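Letters A, B, C and D name the chains as they come in the text, with residue numbers starting at 1 for each one.
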């Protein structure tokens, strides 16, 4: 059995150990492969990292991705200081905490809109969790478009219509739902609540709302689908799988297999992230944490150079940098082998369409749904909002809407019932919401239920 | 005779009594029928509710709507604590009150515009009253449109015209008025002043201005019309009745009967409220009050579920929720039986037209006036302002203006004389104002007179 | 000789005396004729009003307008308290005054733009003076247009042109000036400085800039023209007379006579003020002062009623209210008798044209210049800016610009040299500035010179 | 050897001496020729001015421009107080300085965008240096256009493209660079760092980025080119010379000679500054400093008059004012003698084109590149942004882009990678950035490298 002191000696780039759940791991060689970057690992080099690791990684991640010979075995828990979870924003202030601030039933009773849910979540979420959910690309142009463009569309209320019987239920990609909106895929609900995606699955199933689970969930996909099907009263089945196409085809195939195995009813392929967006608030938080932790090592910091990658080389023969965990080569022809792997286990949608031209291409390639999205403004600065893309389609490729060969989904800035009405009037089949549901998870199952109720209040 | 202690035992949903004007009432079964919702009743369960009840309900309301067997008889006034009226916003602050702040002649002398009147009223109104008047639907989009759109229209001042003799008097729906604006219907003037609608009736009659009284007045409609006709100097008669078409036809017919009996000269039917808008500020105030009162009961709160309604069922056989007190089935054909009940007692106007198409339909259905309104932005988020609808009519159905078969009214954000001029230039017969007059009521009869003078200053 | 105590007894509407320059006057009957309203007189009833009277009225005003029998003779100056001039905004604060704040050479040296001059003036002007100059009509819509519209026009800089020799001098209405701007007429420069209009005349003459003197100057027009001609070095003569057409033709004729006698070279007739605009800030200041002075009399205040006027009656036989001191009947035909009275003593311009249609009419009526202006935003809410009117003329009546039969002036929001360039490029002959020069007067002759230099810096 | 006391006696306009690097100079006659104006010299009259002089002037400036007989010889350094460099903005506050605030590696590690670099620089730069770099003309209209217009253009992201191999390197005016942006010319990098332009040259050369050096550099142009070529690894050569055409042709010819001698590869002639813009913040700073220094002399200040110039006279025979150090006569024909002097030592570009018409003229005159720029908003208020000019060219002279006879550069407000993408998509060959690199110089060589990395992060 190792001691904390022994581990503490391996705290450099040339020999880096960390403790997770009372076990030590040698991550020296893994540093450059870590999807979250080497810095965060180095920050915990020689120390316990459990509190940081847990909410981000699905169970079994380290066992799966780290070679067995790097598993160094148990560490005596009395010989090291356990890591602390990051503080919440309100803790941060150092002010004495009003316990009412975290009384969840009280918080929920005051949530009259999704904006209220976001504000409530800010009181509950850890600072890095809130920043991770809230951050967006570059100068926040696309995020702003998402928020602004809904206001540019106004409703024209007709009067004196019999509206006694309203039915908002419908069929989305063959699945029955009670409302024309669903939960958009978003990574790492575990940052918000220990039950993470399970809360979303339970809430969606109970309320008859669709849920598209992220590739990058904090729970194994089988657990999430189980939570959904145990709560749907046998009635609702709009549980879909969001697929990131990875750099390594094996990873992608593994994900498709998990989707099939978990009983997911549709495959929603994200097409807008050949590289990961530069989310400055998120990077800033990490830079600040690093600056604090590594304050002493500034002077000997190596010259900045891009991490080298997978052997590809540019015209000058220089090695090409690694571009992130998602595939940078993914293109229309790849739909072939993905379809093959999916074996017609359900419809396929493309998420992240941002131009009318690509919408038309998607139809041509025979997908079942196009999902207009700028990835919550997290990828490309100044990208158009999805409602803008929908207007573009209406204007330049109206047949996409009229022919009804594909269903049309969209997300981005949907916060009010009126936004949903606008999208449906303009041709969308349904809309989806990401961040608001992530925030609602901070208040557990009831938070998710409340968020759904806030969107379908008058029904 | 009951004692306060006895009443106090009935403070739950399963047995709920309240005291009003020294009498106890059993409202247990009435809870779910209460148009203002069950929460407010539960908040005063087992207690005196007089100070809350009085300013909102016309005299005799409880006697009329609560079955006689629920009237439990007098309570000994020495055995319970009377309820306090809600504090005003300035009381709220806890600061020592400058008595000048509430010196009404002084306040009035400083009111140079309707904005000043609103600010003065904020010092006098109770917090819930101000919030009730000021609140609007959802994200306040329609309210904002009302305020903004006037600025988008500018005047083109012609010069060197002899303007020595100006006459603004005219005939509206056959009634003589001195100015091209009238008091718009708005519910519950009793929240602002103990004389409520009577102040409005007196001020309007004295100054020769029209007044359209709300269905939901704090005084019986007969009292209001009496106050009007006693003060009009025999000259002005533009007293109209605003009609909400209720869920139950009997209620509607009763209202029409009251209009005829009270000598109201026109029927102004509101067509824009098949459900009541979600006015978040108002709901938030109530949620906050509830959260305080019911703090202890959070843990045992029942799961949220929509209130069930009148027996209608959806396609799945589930009961349809009650959609509020106004009719959700009201449509063009209903004009038939309303006209019949009204027996040609005067012209009919439709209030709440928000599209040129509906304006044209209204003409086709033979009404005497269309009243463009988005209900002060209280119904539908992002609804167009009425001036926007007027521009739409000018562009797409100009004959509605040119043929002069219907009079055209509008309200929403009118605050300046220049706004009135703009509306008239663009084809309106007259405009109306709601909130400013509700605020003026806080300063009694003289407040109403001042508000009218502020709108016709140079005459 | 009267005593202060005697005068102090006449402090009511039924008997109102005031002391000015140690003489008592009975203004009881004059109250309702006072162009500045009765309230201000009543405020000083029974007291000394010299400090208030002096900066506003040209010398000899009271002698001229008050009947001789109301002149009650000298008051013993030891028997009453002299009135204090109103405090400046900075005095108001009660903070200890930094004497540097009022060091005029220092202030001037820091004035790099006209905005700086305004800020400096705020430190020097009395509160009512600043408010009087700064205030504008109603909701400040027209004032805002004046400020905003310049930004909507951008310059297109051509490069590689020889700009070594630039000459901005030109001839305006036959008068030679060094720069394409002049000082716009504005009332009551005496509020800003004891030498008032004399400072403007001296500065304009020295710097070769035109000056259009207001009808409502604080000095006799002869004194002002003398100050101009004594300082022009025999070179510049653009001294013009702004004419308000008064209710009473005799007053107008008197003004024209003064213009001829004073050697004014052109007559600039204001056409945009048949009634005086509602300048709320100004009215608010007066209402606040009244509220303080008359605090005790609120209870017995008479019911509000419009002041009755000159015998005209409306269709109902009610007397028409007096509409202010300017003529409300002034129209195109009146140009006849005005021309006759002016006897071709120089060109005639119409100031206050706000539409292309009226511009065309002005040309038709043979005036020599049109002066586009919305009166500094002080008359009509939401009036177009003058640059907007110029664009309108370019578009709909381009011949007005092309034919060059009339000169075109404009004012309103001109603050930067670039504004002048924009106006000239679009067809204006020259521009003028009002408020900035009034502010500059607060710093005396040198202030005016500095303001002129700030507008022609690179020459 | 002179003493400080002796020098101190010459502290007036009629006899003005200053000490620089322990030597005294008589600048009395030079006062009016000093390009930076007389005021700054008078401020240090009789005193040491070294700390002010050094960062602004290339070595040897005073030796070169002041006649030898004005060199008064060495001053005993123990007899006068050396001048202090101006404080930084943070020093200014008087607060105790957190040393971390100036820890450059730490600051750099937190710089995630060019905005961060600006903020970091504010902590390091002296107040006048920051103001000098940041200031812009007049009401900042053009500066605002530069910032705003990028937002008006949005990207239309296409998806599912293989983006594995991205190569941003290209050839600009025949020089090889790794990225489609270069360092724009900006004066006086010495204000930011003692190595000034040398930092820019080293950083650009190392990173393979182009650098266009200003005529008005703080180092001799030979030193700068040496720093570039010593660091380029033999691979990159995009080192260009920005040419201000001076009032005196000799100065211009000298500059061209320096460009040739220093091995500069292209001549970039600035065409937008026949007079120097009125940069109010900069002037205000100087006015405030003067007001403090010269406080006592206000009373005897001479009347303001424009400085007289070079003998030219206007139509009235008055001497024309000097219009600044740049030529006011520079026009298209001057390209002849400039080309001749340059002797085809490389391509020629015109910097400061702001209209499509002038872009077309430039092509006609055979230049190799047009460089759209409004001089960082420092010259002409309300000038169009360069991206606006590019759009104008696309619309009205598309052949300029299509024919590819000229390369097209632009600067102004480029802060994000997305801005560069927008410019390239619309037809630009490359963009450049000025202020961000000046700010980066405050952090030395590494600052420049970091700024370059921030602009090419994903490569």
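Keep this in mind: a contact is a pair of C-beta atoms (placed from the backbone, for glycine too) under 8 Å apart; a residue touches a chain by one contact, two chains touch by 3 or more.
This is a predicted model, so every value here is computed, not measured.
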Path length in the contact graph (chain A to chain C, fewest steps): 2
Classification of the chain A:chain B interface as same or different, half of numbers criterion: different
Magnitude of the superposing rotation for chain C and chain D (Cα, nearest 5°): 90
Rounded Å distance between chain A and chain D, as computed from the means of their C-alpha atoms: 45
Rounded Å distance, chain B centre to chain D centre (Cα mean): 64
Pairwise touch network: line, ring, star, complete, or other: ring
Complex contacts: residues of chain B adjacent to chain C: 103, 105-106, 109-110, 112-113, 151, 153-165, 167, 415-418, 422, 449-450, 453, 457-459
Residue ranges of chain D touching chain C (in the complex, touch as defined): 138-139, 141, 145, 271-272, 274-275, 278, 280, 283-284, 287-288, 290-291, 295, 298-299, 301, 304, 306, 312, 314-316, 320-321, 323, 328-332, 334, 350, 352-355, 357-358, 361, 374, 379-384
